[in-house]
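Right after this note come the structures.
Heads up, the next two complexes both have chain A, just with different partners, chain B and then chain C.
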Partner chain A sequence: MLGIIVVSHSEKVAEGVKDIAEQMNSGQVLIRAAGGAEDGRIGTNPVKIKEAIEEAKVADNILVFVDIGSAVMGTETAIDMLEKSIREKVKIVDAPLVEGVLAAVIQASVEQDIEGVINTAIESKNMCKL
Partner chain B sequence: MIERQITIKRDDGFHARPAAEILKAANKFKSTIYIKKDGKLISAKSILNLLSLALKCGETIELIIDGEDEKQALDEIIGLF
Partner chain C sequence: MSLKVRDVAALIEKIGDVIEENKEFLTELDAAIGDGDHGLNMNKGFKVVKDKMNSTNIKDIGELFKLVGLTLIATVGGASGPLYGTAFMKGGMAVAGKTEVDMNDFIKIMDEAIKGIKMRGKAEAGDKTMIDALEPAFNALKEGVLKELPAVDILKNAREAALNGVNYTKEIAARKGRASYLGERSIGHQDAGATSSFLMIDAIYEFVKDNTKC
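Take a look at the complex of A and B:
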């Protein structure tokens, strides 16, 4: 099973991206949202991210998608706090948040290879909209 | 090789859903499966291609399928548009 963690500076964005992705999820991906700082303020919270990752620890691989800037730092701090057995399964994916998460969830329904799922998510940054 | 013109009938509010269904169906077959729209040719086995195509109800596309299981592939996929 694949785990996906949606990290955003906004709790609403993280929940919203999760909601969209769940539309395409037929139970093969465990999706968790970790958005916002304490008290729902804008920011990231390493403890929240760590807990979200831990909730997905049954997954064989856990991919973390982040929005911008310090979300990467917050996630790296969270990963450092994890037990080694969980930490080894986690990877931050360099992809757009909405497109990347959606592409990964859908690709995971046709491909078992985690590298293929990661590459599809990364390539989603080249997707033309117009 | 089979070439078939089809008109999009589905009117889902969220087009990622039919795209995912087409992807899943297309990946079951060995044949190459292409969708041609406005001169653009994309593989139906790639979710990014399908999403960027953004098919709308009423549009006409061409389905181009080539391979040993092309007939079965056409039968399965044609109903998903």
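Take a look at the complex of A and C:
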């Protein structure tokens, strides 16, 4: 099983992206949201991110998608705080948050290979909308 | 200089007070070239640190630093949370189990803290970050110990070095964080992170000065 963690400076954005992704999810992905700073301010909370990753630890691979700025540093801090057995399964994906998460969920329904899922998510950067 | 667990806790509380006094100033500095939340975020983090220190039974200074670090990581919200949080966590590992610290311990703490910030932020001197205040301060500490100066004088020199470092950040372009998007346009503005680092060194100097009996 694949785990996906949605990290955003906004709790609502993280939850919202998870909600959209769940529409495409037929059980192949365990999705967790980790948005906002402590007490709901705009920001990131590495402890919340760490806990979200731990909730997905049954997954074989855990992909973390982030929005901008300190979301990357916060996620790296969270990963450093994890137990080694979980840490080894986690990867931050260099993809847009909404498009990347959706692409990964959809790809995970047709492909088992984690590199294929990651590449599809990264390629979502080049998706043309018009 | 010799500080026990309760002295270090009082010192960290003082740092929190200084951050609170300067929260608007730090936020203004950050708003000019960053995302404008540095002072408020840091103040939020140190307020929770104060509560946690008061409600936790802390046995040694390593444990105290770990508590401060974890709290900052969990509560600050911006990049300064992981950065200062990692600094306190790594610094605390240098004094694990100790119930008293001196100037040599402080140098070990600073060494590990700076390494932690560099690792976390992938920053070096000259990137217009907290490192530009902390590294000169660290060098002044080492020099002061070699010259066998009194602790207060060593910390005064470190404070001056940190302040010079803050002023230096006005002359250079940012290479890290959101300010780096501005490139050359960030020149002329002092870095908010370097400024909060200076304020911490300054608070340490003031604390030791006020608590040293001559």
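Keep in mind that, in the parts below, the second predicted complex is superposed on the first by the 130 of 130 C-alpha atoms of A that agree within 3 Å, B and C clash if a C-alpha of one lies under 4 Å from a C-alpha of the other, contacts with A are read in each partner's own complex, and residues count from 1 in each chain.
The working rule: a residue touches a chain if its C-beta (ideal position, glycine included) is under 8 Å from a C-beta of that chain, and two chains touch if they have at least 3 such contacts.
Because the structure is a prediction, the values reported are computed rather than measured.
In the superposition on chain A, A:G43 makes contact with chain C only, while chain B stays out of contact range.
Legend: residue contacts after superposition of the two complexes on their common chain; A:G69 is shown touching chain C, with no touch to chain B.
In the superposed model, A:T77 lies in contact with chain C only, and not with chain B. Judged by the touch definition given at the top, the superposed model places A:E51 against neither chain B nor chain C. Look at A:M127: by the touch rule set out above, it reaches chain B but stays clear of chain C. The touching residues of chain C, when paired with chain A in their complex, are 35, 37, 41, 44, 48, 70, 73-79, 81-83, 85-86, 120-121, 177-178.
Per the touch definition, chain B reaches chain A in the complex via residues 14, 16-17, 19-20, 23-24, 27, 46-48, 51-52, 54. Note for the complex: chain A touches chain C at residues 37-38, 41-48, 69-70, 73-74, 76-77. Contacts from chain A toward chain B in the complex involve residues 23-24, 99, 102-103, 106-107, 109-110, 120, 123-124, 126-129.
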